Amino acid sequence: MAYIPKKLIEQKLIQFLKEDIDYGDITNELVPNIPVIANLIAKQDGIVCGVKFVKILLEVLGIHVNCLLKDGESIKTGDIVLELRGKSKPILTSERTILNLVMHLSGIATQTRMFVKKIEQSGLDIIIAATRKTTPGLRYFEKYAVIIGGGDPHRWSLSDTILIKENHLKLLGDKAIETILKKAKKKASFSKKVDIEVENLVELKIALKFSPEIIMLDDFSIHDIKKAMKIVQDISKHDKPLIEVSGGISKHTIDDYIIPGVNIISLGSLTHSVTPLDFSLKIKERS
Amino acid sequence: MAYIPKKLIEQKLIQFLKEDIDYGDITNELVPNIPVIANLIAKQDGIVCGVKFVKILLEVLGIHVNCLLKDGESIKTGDIVLELRGKSKPILTSERTILNLVMHLSGIATQTRMFVKKIEQSGLDIIIAATRKTTPGLRYFEKYAVIIGGGDPHRWSLSDTILIKENHLKLLGDKAIETILKKAKKKASFSKKVDIEVENLVELKIALKFSPEIIMLDDFSIHDIKKAMKIVQDISKHDKPLIEVSGGISKHTIDDYIIPGVNIISLGSLTHSVTPLDFSLKIKERS
Amino acid sequence: MAYIPKKLIEQKLIQFLKEDIDYGDITNELVPNIPVIANLIAKQDGIVCGVKFVKILLEVLGIHVNCLLKDGESIKTGDIVLELRGKSKPILTSERTILNLVMHLSGIATQTRMFVKKIEQSGLDIIIAATRKTTPGLRYFEKYAVIIGGGDPHRWSLSDTILIKENHLKLLGDKAIETILKKAKKKASFSKKVDIEVENLVELKIALKFSPEIIMLDDFSIHDIKKAMKIVQDISKHDKPLIEVSGGISKHTIDDYIIPGVNIISLGSLTHSVTPLDFSLKIKERS
Amino acid sequence: MAYIPKKLIEQKLIQFLKEDIDYGDITNELVPNIPVIANLIAKQDGIVCGVKFVKILLEVLGIHVNCLLKDGESIKTGDIVLELRGKSKPILTSERTILNLVMHLSGIATQTRMFVKKIEQSGLDIIIAATRKTTPGLRYFEKYAVIIGGGDPHRWSLSDTILIKENHLKLLGDKAIETILKKAKKKASFSKKVDIEVENLVELKIALKFSPEIIMLDDFSIHDIKKAMKIVQDISKHDKPLIEVSGGISKHTIDDYIIPGVNIISLGSLTHSVTPLDFSLKIKERS
Amino acid sequence: MAYIPKKLIEQKLIQFLKEDIDYGDITNELVPNIPVIANLIAKQDGIVCGVKFVKILLEVLGIHVNCLLKDGESIKTGDIVLELRGKSKPILTSERTILNLVMHLSGIATQTRMFVKKIEQSGLDIIIAATRKTTPGLRYFEKYAVIIGGGDPHRWSLSDTILIKENHLKLLGDKAIETILKKAKKKASFSKKVDIEVENLVELKIALKFSPEIIMLDDFSIHDIKKAMKIVQDISKHDKPLIEVSGGISKHTIDDYIIPGVNIISLGSLTHSVTPLDFSLKIKERS
Amino acid sequence: MAYIPKKLIEQKLIQFLKEDIDYGDITNELVPNIPVIANLIAKQDGIVCGVKFVKILLEVLGIHVNCLLKDGESIKTGDIVLELRGKSKPILTSERTILNLVMHLSGIATQTRMFVKKIEQSGLDIIIAATRKTTPGLRYFEKYAVIIGGGDPHRWSLSDTILIKENHLKLLGDKAIETILKKAKKKASFSKKVDIEVENLVELKIALKFSPEIIMLDDFSIHDIKKAMKIVQDISKHDKPLIEVSGGISKHTIDDYIIPGVNIISLGSLTHSVTPLDFSLKIKERS
């Protein structure tokens, strides 16, 4: 995943904590601030994700964190993922923030891994990719979890790759695809790839003439995707664009989309429909 | 819901947008910046939530927003929720941020309303409440969606109500419940309610002696909840605390928890397991 | 007091320092940056408050702080409160910020303690509470000082307790008290207490019917407060609300307000009319 | 006073408001959001200060503000200072923040004016100046109030004028005054004045030799100040430094310090010992 | 150039202004705040850049801005670029900030255009590109000026394109180029291009085998660049990577680098060695 | 230079780094994170400046920095200025930010020293001063570099010294100089110096009557400067103001401006026309 120094993530994590602390933890004033050991324990099987961030945040609070399992590892119910040593007050005060983060990110990583496994079983070389359908404010964290699960982050932001969609084409009238792909050649930075969403086989053929780096088949039927694969093969010998399929693909239907020639399957649900993976934080004993 | 002046939410919404814009929308430089009309359209039935925020954000960008449906109203597939009039570039650039927010919040409101409806059908006066199991950074927005759906936000943060949980009690050794409830009487601000989580009927009886405002029955079986209701009735005549039940309650099991005497059912899943409600933004025409 | 991890206060304290440093300490460039010992010394008797924050700030600057006296302890003129060891430049540069904070907060704590003592001498169990009449930007710090002095912080913010005042009632026309207290029952979160300000005995009687958790007698004469105490006793046997008195109470008049039945005396002057407690910072020697 | 565009103060004022609003005004959800007229009314005689900031903040919230009296004008109990027209909710939600700011700043301006009047009555040309003994976070606002009251802000920050104090001299050993004043000549920017604090007449005589722009007589007795005035006259014919007196001067003792030859009297109490001037905000009617 | 809504740039521009205003403009208090007309006038020939930002900032300050010339247009000494109408104080206070920004950015645009012109004259299709050698804090603005001048922004940040340089290779030991290009194929996101810097013809040949999208010839002699062009032609028929040349190219030497086959010439000096274009702001008359 | 605690600069430096890191360093994920030694090496002769900031930033990232040469020292091509020891990833990720800062600031310091040397050779006591013509956002850093080079920072901001310029005078009509200098005497803080820009000898004579602390001869010919020096000598015996000359002075013409009686030569080009001093960062070996 893209490297970011700890210090730069720290501020965002502290903001997450602040949201919960507000004017202070008023329950905490009723308990002693004594040294304790506490464990972060898995309550479901899956892929753990987010402990890297938990460690950064807790160390800022003066808590020693021992990572028994790292982001990306498989966990089973009952596994101790982290062992914390520190004062009871900061542990209690950060408990919910930590759990919210780890449960959400592990949910994403677990779901992503499930899709990646299906591809691996097929023997084909298809990338499972996220989209920009992320929870506001959590783009970096959710894409990180996708990568940890084995997926591709796709565009981090609107600055990242040129991605031409239906609403763009609507602004350009007739011959919109030609117009915009020509303009992209001329005006877009050489350092960026161009990805264009097409709605049908006719649009696909037009797009192929301008050799964009990526073509996304949006909401194509399985039948049409197969036709599209043939068209692509025929037209672009040396310069075949990457083919991305997207739109309404779920764990129930993905198997149908694992089609030779498809390079990328992108799934909004990786990040927008997250079932958290359950964890608990237990204070074990006074240390 | 708790009133916040628009200006104070604006900054957070702009931050959401910035996360996507980064160094600028590089696809947008390939299309003209012309006046258009665009619609936000429901693609599923449910409760709409978040259009209040979308309106604030888009107006900051100079886009006129006509709200055809407001937060909390029922929507059907195909309903036009918002009509936007403005320049094409800011609309295209904010499209994804807007959709991510509305889809997430409408998902929460829709799910909450479903639970609230079940209570209404029972004829009992039970509150459906959220928890602090929210997505990091979105506490205010997600609790807002719960309220819009008809639920109670419960604690906004650790400053909000004294809520004594298992990990607190572990720090206090023998007679932990007595100790902490006495201390709360003495040291906590008169302006705050006290809520205590009990794990079994014995703990419940102890807690009742100190008349906290709220007692939460944590992970109680249906059988034990019913027993608990009797105990509460017997012991606390004039000063009955509010009874909150919590722990592993889902849409499949909630009916069993609708028990006379229960005042609140709190559900982490309202905010942590969100299935978004689908919407799309369509540029309709040049205005 | 409400627990907040050090790291979360650090940023606010650094902001206080920045306000003074601006483009740098231009006098400091004329002196050597040598190791010194310096003392924070009381120049008046009272209650010390704020050394917890000074320690956090100075440690950020690399200065070792030895707390000889802690927040809440009584101090006498000449007492050494803190012993600092570190480089001369950061000590000189932060001197004024530190003194401004400690003098202001100790002034509040000292004044609060004086009121609390008066209550203790009366033998009654009355709470001395602050209000939201705090200096802009210093809410957390000033309420902290009130708690250190033995007082109750009352509401930290408008999110904290429902407090219905004259201006609210004016918006509701006839039967405003009935209307709003009924609405509060129905719409306010179960997790919040309701406090209502009444202007006279008639309003008090109306309010009592709806059993709010707290009733504030606003600017009542001593005579009326005593009458009010009788009314409360008569009407609300089992469910007596907390009675708060407020309005123009000073150190000269407080004794009159220490009346059986009163639960809380709230005082804006605790935080808005602060006479600082004097301290000085003396560089003692090269260490 | 130093000119700052409105937009740049807006952010600080919004922060003040945020401190009170937190997760939203929960009382406000019980009242209608209707158009009202409200008045800010003086409850004491004095000098009004801060309405400039109130106007900026309220306009951000969509409230129309009519200033009947401006910062610096004399007010009498009962005077209407501002007339507000707008929706009831933003007015109620900002009420406390506005009052806290205006009461604090008017307290400072009123006190400053009182000192300035005393000087005016003496017929001498002496400046009443503030110090850096301000409330943390409020430096700009409190110095503004001093200026409004007729005083001089003195240093805004440590970057503002070279001010050499006792703790600086302690770092320099023998001949500290000579050493540091020579160094200042050589190393300090030509754009800055040099102010040096002296503790006695001997130090004064040394300082005079190096012609700093300002000499502060720190905690001098009236008797010594008069002697100092003679020394200054004798030694520095053409190049007389400004003479500042400071240390423990109050409204009870100031008359003694109004001595010919003194140029500046600086008073920490102008900003650190503030008795607020009382105001109230009354919703008058539905507009 | 990459589209960013005005509101999102506003904050950065206000920060630039704040840096200069600090505690307020103390000279401004000596002049009246009257309506004036002022002109921004070119004092040198070149390409204007930055007026888009000036307009945003000044409108925030309530000043009406009439753009007579837009970013990217050629200007001659004496040309009026902007006509401002507004109060004198905000104009005077923002004068320096505005001039500093426009002069710096116009300097960049002018220099870039000069290089672009040289390419145009050659008839070849070579891109003039910036680098990440920008002034800290000004990346967005300086790259914007490069685009306005007709150049390509190249990478906005380290997240933007994979760019493998000498220091990366040093970490990988033998066969570093092979290793890293294979790894990039496998691990880097499909949405990113890969650019690799090679130091000599041997490295070039190795790199070519792995078909990265871009190869940068770092500090190659003219002679070697020509040899490289031949090698590229021979090896990569269908899949020719873009060839970027970089290193020590100046306006004096650029002509030699305009070699057929070269796709991009990247120049650190576009942004790190900026000679500002001179402008002045003249208050013309009272409006 | 003006002292600022490290912690307060840290945040600005981290912001510089963040601008480059954005969503993470995507090239860095292709190399191992191993311990290395790296050197910052001079590639040109000059004065080094900025290593103080580099050290602060790198230590935040966990890298040990050994400063072989300090800000202000002369360096020769090939000199190792810093030796870094730490993990490879943070070093690679911060490389460009560090180099951009050091190269820019060393460029300023080197140029400033060159001017200062010219003065030293003349034997006169003239100050080389910067102006407010700095790069937006870099005021503090660029003025720091000027000081390191031996120059005077002049005004840090508009709050710093009263500096009356042509545009101010235009607002005041007839007798503008008299009017504003009288007003300054009366209204400006005693703690500030007054600097006035004059355009010709007539204005100079008027200004001299009001004894401002500094008079700036703006764009005067050499001939007129010499005349001015005589006028100053004649008129102001005891109270001679500092004389600053400014306007279009370059390294080619400065010698002519080194005239007895001139106190300050201020140069916008010190900070606005910066040729960076070249450095490179080389990873030397695995440590």
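A, B, C, D, E and F label the chains in the order they appear, each numbered from 1.
Quick note on the criterion: a contact is a pair of C-beta atoms (placed from the backbone, for glycine too) under 8 Å apart; a residue touches a chain by one contact, two chains touch by 3 or more.
This is a predicted model, so every value here is computed, not measured.
For the pairs B-E and A-B, the count of C-beta pairs in contact is higher at A-B. Most remote chain with respect to chain B, judged by CA-atom centres, is F. The chain with its Cα centre farthest from the Cα centre of chain C is E.
In this assembly, the C-alpha centroid of chain B lies 32 Å from the C-alpha centroid of chain C. Per-chain CA centroids place chain D at a distance of 46 Å from chain E.
With centres defined as mean CA coordinates, chain D is found 53 Å away from chain A. Residue positions of chain B touching 2 or more other chains: 2, 21-26, 28-29, 93, 139, 156-157, 159-160, 189, 192.
Residues 2, 127, 129, 152-156, 159-161, 189-193, 195, 214, 237-239, 242, 263-264 of chain B are the ones that touch chain C when the two sit in their complex. Residue ranges of chain C in contact with chain D, taken from their complex: 15-16, 19-32, 34, 36, 38, 88, 92-93, 95-97, 99-101, 103-104, 132-139, 141, 156-160, 162-165, 167-168, 170-172, 180, 183-184, 187-189, 192, 272-276, 281-283. In the complex of the two chains, the chain E residues touching chain D come out as 14, 17-18, 21-26, 28-29, 60-62, 89-90, 93-94.
Residue ranges on chain B touching chain D, taken from their complex, read 1-8, 139-140, 143, 156-157.
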